[in-house]
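Mind looking over this structure? Questions follow.
The letters A, B, C, D and E name the chains in turn, as written, and every chain counts its residues from 1.
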Amino acid sequence: MFSYKFQWNQAFARLPQMLDGALITMQIAILSMVLGILLAIVLTVFRRSGSRVLSGIATSWVEIARNTPALFQIYMAHFGVATFGIHFNPFTSLLIGITFNNAGYLAENFRGALKAIPETQTRAGRSLGMTSNQAFGYIMLPQMLRIAFLPMTNQMVWAILMTSLGVTVGMSTDLYGVTQALNALTFRTFELFALAGVVFYVIVKLIQFAARLIAMRLFRY
Amino acid sequence: MIEIEKVHKSFGQLKVLKGIDLRVAKGEVLSVIGGSGSGKSTLLTCINGLEPIDSGRILVDGTEVHAKSTDLNKLRRKIGIVFQQWNAFPHLTVVENVMLAQRKVLGRSKPEAEAEAVRQLSHVGLGDKLKVYPSRLSGGQQQRMAIARALAMSPHYMLFDEVTSALDPQLVGEVLDTLRMLAAEGMTMICVTHEMKFAREVSDRVAFFHKGVMAEIAAPAELFGAPKSEELRAFLSATH
Amino acid sequence: MFDTALTSSDFLFLARGAGMTLLVTAISVVLGTCLGIACGIFRFQVGPWWAAPMTFLLDIFRSIPLLIQLVLVNAFLGMVLKLKISGFSVACGVLTLYTAAYCAEIVRGAIEAVPGTTRRAARSLGLTWWQDMTSIVLPLATRVALPSWIGLALGVMKDSALVYIVQVTELLKATQILITRLQEPLLLLMICGLFYFVISFPLARLGGYLERRWSND
Amino acid sequence: DKLDDIISSGTLRCAVVLDFPPMGSRDADNNPIGFDVDYCNDLAKALGVTAEIVETPFPERIPALMSGQVDVGVASTSDTLERAKTVGFSVPYFAFEMVVTASDKSGIKSFDDMKGKTVGATAGTFEAIALEKQVTEWGAGEFRPYQTQADVFLALSQGQLDATVSTSTVAQANVKTGNYPGIAVVGKAPFDIDYVALFTNRDEYGFINYLNLFVNQQVRTGRYAELFEKWVGGEVPSLTVPNAYR
Amino acid sequence: MIEIEKVHKSFGQLKVLKGIDLRVAKGEVLSVIGGSGSGKSTLLTCINGLEPIDSGRILVDGTEVHAKSTDLNKLRRKIGIVFQQWNAFPHLTVVENVMLAQRKVLGRSKPEAEAEAVRQLSHVGLGDKLKVYPSRLSGGQQQRMAIARALAMSPHYMLFDEVTSALDPQLVGEVLDTLRMLAAEGMTMICVTHEMKFAREVSDRVAFFHKGVMAEIAAPAELFGAPKSEELRAFLSATH
């Protein structure tokens, strides 16, 4: 039916290289998620701080992260900031871009989650003699992370998918970068990218599965 | 001793407390009754400094609550408070709920805090629910856990804000029994309550609040037996 | 800072890129939403079991990078099937399915949020399935879905930056072309980012506002 | 076949890389210009059709052909044997020498100085593949492939890269524009001469034949030298290899 | 006339109706009482064809409800039904709620439908709430609106499924009064209810359901006065 001859062995022969790339992809995604969560917590604290400067910084961050393309953010992290003489290697640029994006989206999720926690929880903590920081850290924060767990899982998936944008800043060791390099060598575009797609799909499903396990262990209440 | 002197408090335009004067002595059990919105809850949250006041002052063991120099976090350890809405920390087990503030506020070691938690929980009859999450508890059990949580801080005073009013009728009894037990043990308590029978039996004195004013205060026999004001009479007949 | 080599024809070039971004977005969002609604209703109506193949298919669009989707579809249509299809059509096609995949989930969730008792009441007044769908479910589900849908549409607009891979010169690609010639990356990127922001920000705010308003009653 | 299809459709769609001056770039009105653009126009004229320039980044040249977006690649594409498994190449229509371009600050003076430095090239090109191999061999330094030639020079002038290897024509043209201050061509790269060819689908023998004759005619008629003079200047490189047939 | 003949119905393994035989004549008011899960609600939803049945048949004015050929949407116009959970359409005002089905199902013009809606709403005492959204109504008002909505379709029969059981005690009265009024006007009604006093006063006959079986049916005086079965006696004593 097709005159096109699939050469799947060409793609499968390169699978080990692609799996190495997949490891880098996971590494970036996980790092950007951990940093993103920490930064999002900081942004959340900033936004609640009542200081106009801090909440202004946080709000700008959140709005820029949510209202411009991720590709733009990554491109900016490499070529944009270089105008000021600040140089990041592709790995770092990609990490910064994705982390910036993650932190913005997560901060917004955290804000929604905090709204869902009754004010009486803080009151209960305060009346036991906790400082407001203690009440936030030990009472609000854990509950917030639980409520925002599903959005966090989704963000993790997006982080994985966003790593594919690294090629625009010279990234060549992640899954997409490796696939593109192999494509330049062999031009088996369809086979290579189909295989890469399957690898991405498997990674995403693994993450969703792991998230479910984690949720089951962490959130027994 | 808790001394409340000419306390005024408003939320925006709304005057909620209009000059309250009240003393609660060591070991006394005071019940506070009154219509909805009369300022009862607000008074309690002013006593432990969760809310600022407009004028007047509140002294707890001689320390002025709303003075700038007062370390509120330290003061609050003396004053346990339990609210109407259950406010268990849902992400912690029952025993962890009771341990948290002990460890973070009093700096107790884990075994110490745990031993105290187990003691207090057994005291209120929850010795068999230690590892359970609050969502698995009935409302009455949650309230008793909140009481144990407050007691674990070894407070000198306990404030209760309608701790039974969100409970199903059959659960009210077990919580009131816990309060009775505390009263019998000599704890100084202020109980905002709608349970007239409880107020009558347990309290040394009963205060009646009406629109931000403490309209009457007397021993229960006197207050319920011979209400002086028209408002109290109306209130008492409505609650029967 | 503003002594720049940017000429008015360059702005026109950027504007054409922006126009392309909006055009691709509009086509994909409109078609994708229609398809997504159909899939969402189908999914709700036949239950998770029978819809499993469709759910699986749509899930793929949410589980692999859009770049790979574009490259793959482009390669499949052109290399394997040897069809002559413009990059623009490929971009719109893939983004349509991408939109539909997310939209179907939003629609299903929104329909599920309409209480069964309300629908029962409608049916027992003699309303047909279709009348129930249009007069009761649609207006109620819309309230649930609209805020998320606005988010989705904006997401598609931002993700449309990736269609450069199939030779469509949208805004970000146009910006890169100008950077190549003019070597003013920061200024050009700022202009580009500002454009996305100016479109996305107010709409996102509107979504948030609607969500707040409708969750109150 | 394809030759007939092109003639009857009346348009020839060429894949051209437009951030690769002097082979392909854009003028102040953002219209495509360059050696490859003119070459495509000549080919179209020979076929009696109108040319349509389709801009393709380096990594997308062959996918664009394979997916039917274009009829022929006039895109400075090296005729490697690996690639010839997928597409059909004409005889070479241009030849590049590889040179090293470095930023002044890096202190690189020759190809060997690049060892241990951060170097880059355009993803998917002949020189990128060779340079990456070299970096791996050296076992020191870092190699970064960027999506476009422009990104490479941008990174070089921003100081993100210390040096790059590119075709001499491209390097010269880019340095000449003055867009990238602080960079200079510092020497030759010891890579083979990079012969580039037109390409189309592997099985379109008729069209490939036509392309071969067209390349030959361009040289014969002097048009090749004319275009070389217009876009590059200097000594016209030979397109044949001594002691071998092609 | 509603005729129910040997109706069996199960959900999966669970047999919910086990051979129900029952006739309700024109103008009759039948109350159905029985424990939770005894199949009362299920019977009502079978009568208007919202649920299929396993065997037996149900005839409404001679039309078999579950026959293939029956146009259910048409049949349902004859049978008004009001459920326990308020199910106002929240996106429509009160008057629009009542107009919707009139316009879509009966094809009435807008003024016609509006006039009828106003008439029915005034009838149930909601004449002053026409333009209000249901979320602004109390539970009792929402139930009366649901009744008006059903009545506006000029049904021949009305089925009520515990219409008062989700209401606060003080709101129950106003809804029951509306039902009384309907009964007095001669509407044929089947009322599933937990309000024994109402069943006794208003019904012509009362049916007692127990575990999917109609255990007893009789005039209220007889049924309440001299319950035959052990189950009914137990049920009646438990509800007092």
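Assume a contact is a pair of C-beta atoms (placed from the backbone, for glycine too) under 8 Å apart; a residue touches a chain by one contact, two chains touch by 3 or more.
Small disclaimer: the values here were computed from a predicted structure and weren't measured.
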Touching chain sets, computed without chain A: B | C, D, E
item	value
Smallest number of contact steps required from chain C to reach chain D	1
Dominant chain pairing [most C-beta pairs in contact]	A-C
Farthest chain relative to chain E (centres taken as mean CA coordinates)	D
Most distant chain from chain B, judged by the mean position of its C-alpha atoms	D
Centre-of-Cα separation between chain D and chain A, whole angstrom	37
Centre-to-centre distance between chain D and chain B (centres being mean Cα positions), rounded to whole Å	82
Intercentroid distance (Cα basis), chain E paired with chain C, Å	46
Euclidean distance of C-alpha centroids - chain A vs chain B, Å	46
Of all residues in chain A, the ones touching two or more other chains	79, 82-83, 189
Residues within chain B bordering two or more other chains	none
Residues of chain D whose C-beta touches two or more other chains	63, 66-67, 151, 154
Contact pairs between chains, per stated definition	A-B, A-C, A-D, C-D, C-E
Of chain A, residues touching chain B in the complex	118, 120-121, 123-131, 134, 138-139, 142-143, 146, 219-221
Residues of chain D defined as touching chain C within the complex	18-19, 25-26, 28-30, 54-57, 60, 63-64, 66-69, 148, 150-151, 154, 157, 179-180
Touching residues on chain B, where the partner in the complex is chain A	45, 48, 50, 73-74, 76-77, 79-81, 83, 85, 87, 89-93, 100-101, 104-106, 133-135, 146, 149-150, 153
For the chain A and chain D complex, residues of the former touching the latter	78-79, 82-83, 85, 87, 89-90, 167-170, 172, 177, 180-181, 183-189
Complex contacts: residues of chain C adjacent to chain D	7, 9-10, 13, 71, 74-75, 77-79, 82-87, 90, 164-167, 169, 176-183, 185
